[in-house]
Amino acid sequence: MDHHRALRKGFPEVVFGEGKTPEQIAAIAEELVRGSGRALGTRGSGEAFAAVQRRVPEAHYHETARVIEVRQRGRAETAVSGVVVAAAGTADLPVAEEAAVTARALGCEVGCLYDVGIAGLHRLLEHLETLRRARVIVAVAGMEGALPSLVAGLVAAPVIAVPTSVGYGTSYGGLTALLAMLNSCSPGVAVVNIDNGFGAGYLAALIARAGS
Amino acid sequence: MDHHRALRKGFPEVVFGEGKTPEQIAAIAEELVRGSGRALGTRGSGEAFAAVQRRVPEAHYHETARVIEVRQRGRAETAVSGVVVAAAGTADLPVAEEAAVTARALGCEVGCLYDVGIAGLHRLLEHLETLRRARVIVAVAGMEGALPSLVAGLVAAPVIAVPTSVGYGTSYGGLTALLAMLNSCSPGVAVVNIDNGFGAGYLAALIARAGS
Amino acid sequence: MDHHRALRKGFPEVVFGEGKTPEQIAAIAEELVRGSGRALGTRGSGEAFAAVQRRVPEAHYHETARVIEVRQRGRAETAVSGVVVAAAGTADLPVAEEAAVTARALGCEVGCLYDVGIAGLHRLLEHLETLRRARVIVAVAGMEGALPSLVAGLVAAPVIAVPTSVGYGTSYGGLTALLAMLNSCSPGVAVVNIDNGFGAGYLAALIARAGS
Amino acid sequence: MDHHRALRKGFPEVVFGEGKTPEQIAAIAEELVRGSGRALGTRGSGEAFAAVQRRVPEAHYHETARVIEVRQRGRAETAVSGVVVAAAGTADLPVAEEAAVTARALGCEVGCLYDVGIAGLHRLLEHLETLRRARVIVAVAGMEGALPSLVAGLVAAPVIAVPTSVGYGTSYGGLTALLAMLNSCSPGVAVVNIDNGFGAGYLAALIARAGS
Amino acid sequence: MDHHRALRKGFPEVVFGEGKTPEQIAAIAEELVRGSGRALGTRGSGEAFAAVQRRVPEAHYHETARVIEVRQRGRAETAVSGVVVAAAGTADLPVAEEAAVTARALGCEVGCLYDVGIAGLHRLLEHLETLRRARVIVAVAGMEGALPSLVAGLVAAPVIAVPTSVGYGTSYGGLTALLAMLNSCSPGVAVVNIDNGFGAGYLAALIARAGS
Amino acid sequence: MDHHRALRKGFPEVVFGEGKTPEQIAAIAEELVRGSGRALGTRGSGEAFAAVQRRVPEAHYHETARVIEVRQRGRAETAVSGVVVAAAGTADLPVAEEAAVTARALGCEVGCLYDVGIAGLHRLLEHLETLRRARVIVAVAGMEGALPSLVAGLVAAPVIAVPTSVGYGTSYGGLTALLAMLNSCSPGVAVVNIDNGFGAGYLAALIARAGS
Amino acid sequence: MDHHRALRKGFPEVVFGEGKTPEQIAAIAEELVRGSGRALGTRGSGEAFAAVQRRVPEAHYHETARVIEVRQRGRAETAVSGVVVAAAGTADLPVAEEAAVTARALGCEVGCLYDVGIAGLHRLLEHLETLRRARVIVAVAGMEGALPSLVAGLVAAPVIAVPTSVGYGTSYGGLTALLAMLNSCSPGVAVVNIDNGFGAGYLAALIARAGS
Amino acid sequence: MDHHRALRKGFPEVVFGEGKTPEQIAAIAEELVRGSGRALGTRGSGEAFAAVQRRVPEAHYHETARVIEVRQRGRAETAVSGVVVAAAGTADLPVAEEAAVTARALGCEVGCLYDVGIAGLHRLLEHLETLRRARVIVAVAGMEGALPSLVAGLVAAPVIAVPTSVGYGTSYGGLTALLAMLNSCSPGVAVVNIDNGFGAGYLAALIARAGS
């Protein structure tokens, strides 16, 4: 049985940074880069980035997304277009950016629509054409988590919903948004774990590439 | 300390029918009518209505709402206008009708907008003017429960949100809709218990009358 | 479609401070003030207030409520009367004050009744007349959350219930109070999110103004 | 180690009827009666009572409480006074009656106050003297479960709180009432399982007898 | 704003049958067929099918999937290939079939792999090539819900996970499988609501068509 | 209506320290002492005690129980005997001591049995006679919370069960122990909130005094 | 990769009957018997047994355990001794019997101790020697689920805990017992799913055979 | 009744370090060592180890497992073979090591297989022979918790599943993994509390010794 990772050609290998020390992240990143010239480190702090940079000077840090990226050798691959990331509020930005940075690292062109939550419907509707041209949409929201339903009711593309832990009281760390998204009355929506911007960006890239 | 019910003048007394036998409901309704000439029976089955009618022939049955109403003596009160009941899906109708029938029994004119859920946004927006003229709006929804947020983002009136037990799987009998409504990012929303159309209609009447 | 905010005339725009840095809050507040001469910042720390004050010297800080308020240009609007805020215990004061400050910022006169919880019933009953004169009541309580039921059984006005995260063990950060309030056996009660004093004050102002 | 049951002298032995067939209940009851001349069968249906009566003709059925009682040989014990059972609503009656019947079977005089819930405070206050004369109070309520807190704030006796499964939506089969009772801000309250009228009556008898 | 449904060209309109009477389903189906010559009815009982057939004789019933399908006018559209539906156990078949029938109704060729759960790993590995040739995979499982993780670790295609309510005790009607799927350590997985075979098939078709 | 507190003669008034500053606790304690010469402060830190002592030099600190006590004027009341506090593990001691100190402050003689949990049954059985002589028993346990059931099966006295937040993983901060205690198969048990040693001691004193 | 089932030599194959029709169970059982001469059908109703017997006349029905067993060809294997099944209450018998029947079908001698719950400790202690001679103990209990902790504190053998759905109110269908068992303060306990007597008996047989 | 600990001969006594100060742990450890020459301290920090070492210089610290071990007098017991500990991810190592260190301290030879989670199936299958030779397997996993099911489907030995709190969002501190493990569709699995490596190692040793 050959290895699964070989199947996902052109994708960087990934180190999930949460719960690891900067030194551990740096060591794993260095090893990944040595193998393929590329690496992606999610949930990486500034300290983690500094540690990586000491070993791999070409490393780049996406601060809002908290993603460390290394693309050592210049591969001129043609980017796949059609990924749109939409986020409800400004507090959802880190998760949305994690999705966008991930999809770009996997070879996609990504458009971003921020602050288009349900409380200000006119802002979302201003971007209707952008949404309808997308091949796949990542919709990111906390609190009542209504954005994916709203978007899926307006477009024909698949929608990947990402609940965020934004909110207080009965938002229960994103559980309310997650449940709302699972119960979307608009078909065409699937959901990833709370705050899992990486997973949504990864899946969006798989879908966009399948269609390219 | 004088009685609370005396304070809510012009309101019929209410018997909550769930868990009571038709005979019990009929006996209580008869007693209420004897006192004030009026009564409202919620969650009443067809059998309960038949039992009431045998004792109080003037009783009227609102079938979808499952409400039994008696208004024995003709009081020509001026109805208070400005209550709108909006419901997301057809399965939410019994709860929405319970709210509408209740508010009407408490002296309000009630407008109804049905099938205006988030998956078909254009249907809701067609009724924007009706919504904006309302003094108070009851917004009824199951599944992801997004309608109250959407409405509150479009109007300046208070919105009473009613989660319904419509849905399956992780809708958890209306809990998902309830949580979503409590986490509305649009201010101006408050929530009543799952399927509590009576409570929403009652509160809407209190608000509309306060403003009349 | 014209903007929603235009509909709520005379209301300041609001910045929700939780999870934002003092500098971010100050920048948003300054921009809001530039537009309308007014702003309200909720969940603002002392540091956030200092940062706002550096940019907007007229800013005022409601310390217990943790609300920053700017009312730059003196508009002599007539206040709407009839809002009462009742709180069960002293630990509920920050949430109660957030409700009161918010309703006042939205043009209401607000009366406050504190330490009137269910364990000392005589204290609540001493204020029965104040409660019965109210147009709308905000009832704030943690622990077993019984105050809104008790109040709604004594008055004819709508009651907005605010559960607080006050308690320990099975209070579950306000969930117990929230559930109790949703299950009130007194009609006329609706509920907002845990610790959401802002939302309750905002809704109370909408109701009081509708009735003015 | 001698047997525990010997310690609780004068108490009938008990068969818990739920999940047992009428024939099983009757067989166990007959055996208990043969031993001590007494037996108590809780959660017994009419069919169960009929089956018991065929074997033990002296059996008596408390229909609302669903308790089957046998007191074969006339023991003239002096009843212990001071137990009061208070119930919030009429739907709580079966549980309240189970508590009252149990405490009486264990040798107590029991006074009952029904329909004294928080929504009609004046009814409870009419019985203040009865409550204050009690040695131990069983307070039974569903929905928001506020009665025990209210009572414990008015008396000096211990209060045993019994949540009932009365309610709908977020009452969650009595869980809301249970949580509210555990979080009572009045000291002097302890709680038994949902709908456990038997357990409350049993404990009340233990307390009353300890004090006699 | 033009209608959303127009965007999803070639898709039949859908009536969700749960909670509707056979007569209601038949009436809606007839109306949909009159408009577009096509309709899909999910969660339809045998009685519902009989009622539809009386009005629309061309209706066809997918019994295991409980889906009623009408494709009145023969459109010779080219089917999109690449959808695979994999199910863990035989009890998951109705949900898996609902997904397969839905995707076929939306113009896809669908391959099915049944009884390939984690307890019999060799059966899954026998079909590795089929899985690796898929463009999108629907993975259906109840109980511990491990199948989607296992599949996503073996392929490069996006995986749509469908938890089913199969199990007992702590399976909690599919919640355990749902949570397990959301926490998949294999990237490339997104999840739909419990037992939502329709949603998974619909989304799979959107993805497959995007890539055709 | 005279005050409730007058009813509980001889009891000190209580300030619940959690969430209050040392200065707030000291101010309230001083005021209570000024009124009745006595006060009890629960959940008081060492800093809180120091602050109280500066204002009320007679204050005494029960360190393990975290209770501050003031008994200024020497009342020679006869102590009520018969309260026993039993605790399962050493980590349960602070809660058990809070119960014991509270009951003593309310005029009871209290015996303590520590480290008598279910895993070392012989230790509990060594104290069987002490348990059987008690008038009321407070049983304190975390983790699986089995001690109250075990004790209630061995004695004829009422048992007040106190779940503690001792444990990890699925102990869920005492919820598991609480649920186990509510489901005791031994009758004669009632439960207070998690870690509520004060409430258990207070109730034990009410019961013991009722029986004196 | 050779098949897993070949590894568990001498074990009958198993059909899990819940959710299958009698005809489906009979067909599967017949096929299993054809292969190996043996089969075990769990959660089988009387109707299922009748259906199996029509196809496989040698089938035997364990009624309380609801297990159908076929052992067609007489293999004289030596039984492994040392399995004891202990159950707390009579309502736990079906689950306990399922465990015992399963372990016997897998070649073990099984001793049974019933009605040895925590409320009647003396009954358990009478069987101490039997428990201490066991190689592995299955402890079955509902309600507060304390039996496994109690047993594990008395013996040196591994204890498999089986929570049952016996109870009411906050027993939550066995969840309370499950949580209590997971939090056992006695080491040497592991837990299976609620009501999973089959799984416990199977695991007990694996352990006993490993030690034979 | 002789003491339980005497029954588990050759086992060191254990102090559970969580929630105890270094000084408390050291004092208990010293006392245990004085009695039997051996002790095991779980959940011990580096500070706790330093405190123990000051009193018992022979103490040894297993850093990853956070276990302090003392084996003062050299007993040359023959180790029992056949325990294998398998862990899904590197973040599960502390719990896996706690299990391995515990089993070794109880006289077992333990083999360890790390980083063999479900997302990289080939790594697990490389170790198939090691797994199949085991007498008992401890399977440790967080996130979706699928490893025990996977392993139990491949071997004939009993599998002890240990959920870990590794994960984020809906992993709920290990609850998702726990539920998945309880619902394993492979028979032969039992589960211990979240992160309870000690309990798993202890039980594995009991099983392995029973079979030696």
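The letters A, B, C, D, E, F, G and H name the chains in turn, as written, and every chain counts its residues from 1.
Convention: contacts are C-beta pairs under 8 Å (C-beta built on N, C-alpha and C of every residue); 3 or more make two chains touch, one makes a residue touch a chain.
All values derive from a computational prediction rather than experimental measurement.
Enquirer: Spelling it out: a chain qualifies if it touches chain E and also touches chain F; which chains qualify?
Expert: G, H
Enquirer: Which chain has its C-alpha centroid farthest away from the centroid of chain B?
Expert: The chain farthest from chain B, judged by C-alpha centres, is H.
Enquirer: Which one, C-D, C-F or D-F, has the same contacts as A-B for more than half of its contact pairs?
Expert: Repeated interface of A-B: C-D.
Enquirer: Distance between chain C and chain G based on Cα centroids, please, to the nearest Å.
Expert: Using C-alpha averages as centres, the distance is 58 Å.
Enquirer: Just how far, in Å, is the C-alpha centre of chain D from the one of chain B?
Expert: About 37 Å separates the centre of chain B from that of chain D.
Enquirer: Which integer distance in Å separates the CA centroid of chain E from that of chain H?
Expert: 42
Enquirer: So which bits of chain C are touching at least two other chains?
Expert: 1, 4, 119-121, 125, 153-154, 169-171, 175, 178, 182-183, 193
Enquirer: Let me make sure I understand the interfaces: which chain pairs count as touching?
Expert: Touch list across chains, by label: A-B, A-C, A-E, A-H, B-C, B-D, B-E, C-D, C-F, D-F, D-G, E-G, E-H, F-G, F-H, G-H.
Enquirer: Any idea which chain D residues touch chain B in the complex?
Expert: Chain D reaches chain B through residues 91, 119-122, 125, 166, 168-171.
Enquirer: Flag every residue of chain C that touches chain B in the complex, lowest number first.
Expert: Listed in rising order, the residues are 1, 4, 7-8, 14, 125, 128, 132, 135-136, 153-158, 160, 178, 182-183, 187-193, 198-200, 202-203, 206-207, 210-212.
Enquirer: So in the complex, the part of chain G that touches chain E is made up of which residues?
Expert: 1, 3-4, 18-20, 165, 173-175, 178, 193-196
Enquirer: Within their complex, state which residues of chain A touch chain B.
Expert: Touch residues, chain A against chain B: 88-89, 117-121, 143-146, 149-150, 152-154, 167, 169-172, 175-177, 179-186.
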